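As written, the chains take the letters A, B and C, and residue 1 is the first residue of each chain.
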Amino acid sequence: MQQASGHTLKAFDEDIERLRALISQMGGLAEHAISEAMRCLVQRDTEGAAQIVQDDKKLDALEIETERRAVQLIALRAPMAGDLRDVVAALKISGVVERIGDYAKNIAKRVPLIESAGRIEPLSLLPEMARLASGMVHDVLDAFVERDAQAALSVCERDEAVDDFYDSIFRALLTHMMENPHNIGQSAHLLFVAKNLERVGDHATNIAEMVYYAATGIHMADRPGKSPRL
Amino acid sequence: MNSVTADDAITRWTGEAMQNRLRRRYRSERMFKLLGFLAVAISLAFLAFLLVTMIWRGAGGLTMDFLQASDSTDPAMAGVWGALKGSFLTIIVTMVLAFPIGVLSAIYLEEFAPRNRWTDLIEVSINNLAAVPSIIFGLLGLAVFLNFMHLPRSAALVGGLTLALMTMPVIVIAGRNAITSVPPSIREAALGVGASQMQVVFHHVLPLALPGILTGTIIGMARALGETAPLLMIGMRAFVATPPSGISDPATVLPVQIFLWSDEVDRAFVEKTSAAIIVLLLFMLLMNGLAIYLRNRFERRW
Amino acid sequence: MDMKEKMPITPVTPVPTPSVAIAAEAREDGPSTVEPGQPEPSKLDAEVAAPAIAVSREANAGPQLDTGRDPKMSANDVSVFYGEKKALKDVSIRIYEDLVTAFIGPSGCGKSTFLRCLNRMNDTIPSARVQGRIELDGEDITSPAMDVVQLRARVGMVFQKPNPFPKSIYENVAYGPRIHGLSSSRSELDGIVEKSLKRAGLWEEVKDRLQESGTALSGGQQQRLCIARAIAVDPEVILMDEPCSALDPIATAKIEELIHELRGRYAIAIVTHNMQQAARVSQRTAFFHLGELVEYGKTSEIFTNPRQQRTQDYITGRYG
């Protein structure tokens, strides 16, 4: 169902647009945090990492702001149908994006813990995984802005790739650890990083489901199967 | 942002031109009030003049004998009792005929009759009938009741019939107005509960229209009481010495009595005439008072 | 209608949920639907019928809503003409007992006109002409076998502006039973009056002053008196034409609660221009626009996911 024309009450339109703009803003921050965290990890940039941890506070503040605005919108405007689904979706998505930001923060926190000793083979896989995950976040939030259910659906399909990445990195790290017990510490950190990125992918999928429901009014009943975890 | 600041507003309303305009407005209002008062005063003055003249001339003649005696050639003996009784009987006949026919016609025309050209024609005719000069009704009464139906001349019956013809359109019009003014919400409420058309009319519309109908009826009757010309046409001008005992006895009515006496040469009748006028006016006052009382009594707020 | 986002959905195995919650939901949304060809879902699966899009595209037909029961009243291709002007076009709808059906739509869309067809109040308007078939319990209401006076006792009406008779409270309520001969003694009539006033939630407030004029009550009380009056003749259907639009919010809330209580006993159809009220009070909603019935369905669905663009535009305040 298209949102054809504007509301008779223009202020209503403005409120909804502001809410959606907040979500876009949060998404941008989260995406940036992921790619920055990955860069800092690869380049061992501890200062950059500290900055990311600081910047996460902004994301938290935005989430609170979004929640406040959404509740206000519901109370004052009594939104119905598509509008109501939009607002509820925005509310839920803000929470999820904030969690994505937290994952980026966690990755950044691990940067100083990974010693600069040598090149760690599995580390080279991570940037690509991060690119995929942050790409999913970017695209799903675009889908939210465009109210595009098909785009949301396609984001869901990409989660499989992220999961596959996780599986490979897992195996590589396991091998790395088995080769040299010295590596276990760092490998464990990298394992968590990979897990965080995989979770980002899952969250992007969650957002996609919310976008789909908001756009169509139907729940995305099918979810792609997950490969088993060890 | 307001287009007019507080200062601007004050200057706008307290400026010279505005104040002058305001004064002019109040002045024309005072002028109008004065004119209105004068208009009322003039009308009342005429009325007061009449009353004062009558009372001055006739108060002396208002004795019990006057009220109880019938007409006679001797002015000292003449009284209004016969005329009073005649008026009374005539009015009864008028009432009994005009009220039911008038009210039922009003109900039928407003509630049951279809709206087409014929009913429009009827409505126009009735409105015109109410404006026809009363002497025409007298002619009608003469032609139909006396010459065609051979009813007793000068009887209260004939007088009543003639006056009923005259009063009925007034009642129909008043009735229709009263019925129309009953708000449709009451009708809808009654219909909604499953009342039939008859039940709606008689249980709801009529009780609410009653004050209006009564007012119209009594105004019509007060008019009938004061009619002289039609009753003269049907012969209620004869000298009648004994008061009528029934509606078919020859009788006269109060206005006609006044007319007859005012024609008398004997100056002693002047006092009698004035006294009779006072009686008539009192009677009218009584009737109107009754109208107001009944209307207030039956009035219901809806 | 833009269907590109709506994909065929494979039915999902319903997840059992606590029965209390579902029972409450079933009571709110009305009885569950029954889809032919599928094993009859248990009462637990009230909400898991086939989704809205999969079935009929007709604006009028709900997706196999309320099949398996007979409607209390039904309208088939009803059109109303005022002189030459067609005010209502081919409206078909079913009203079920135990449900409150709300008619919503902008001013002049024909919802009140349609409501008044159901008890033939449009007969009182000389220029109005009604076409189509309207049935009460399967009987055509315009047939000679159905007397209009009795029809109006079986299908009661409450109007927009409270219009109690200018009589006593007792007389207001007793009038209907009296003219229809529903009681044979004074004490029986007293009983009917008391019962009706109790059901309308007015008894406690007026039981000591039944002889006072009905018009001396407050607006909200007057409207409840009108409801008691309608109930007194023991109708099967109650039609309400914007019953709360002349009332303040508290009186409105009381009437809405009353409607909720009455629902179990009568089929109720309510016209309202207040969408939030329709959302609060009804289980089925019909959206009228320019004399047509645009959409009809479960209230919860109409207000969260309407099928028609026009409906969406109206309820989100984009209309006009």
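FYI, contacts are C-beta pairs under 8 Å (C-beta built on N, C-alpha and C of every residue); 3 or more make two chains touch, one makes a residue touch a chain.
None of the values given here were measured: they were computed from a predicted structure.
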item	value
Closest chain to the centre of mass proxy, which here is the mean CA position	C
Most widely separated chain from chain A, with each centre as the mean of CA atoms	B
Chain centre separation (chain A, chain C; CA means) in Å	47
Rounded Å distance, chain A centre to chain B centre (Cα mean)	92
Interchain centroid distance [CA atoms averaged], chain B/chain C, Å	52
Residues of chain C that touch chain B when the two form their complex	119, 121, 124, 126, 149-153, 156-159, 161, 163-166, 175-176, 179-180, 215, 226, 229-230, 233
Of all residues in chain B, those that touch chain C in their complex	115, 185-196, 199, 203-204, 208, 300-302
Residues of chain A that touch chain C when the two form their complex	1-9, 12, 78-85, 149-150, 215-218, 221-222
Complex interface listing, chain C residues touching chain A	2, 4-6, 9-10, 12, 51-53, 275-276, 279, 302-306, 309, 311-313, 315-320
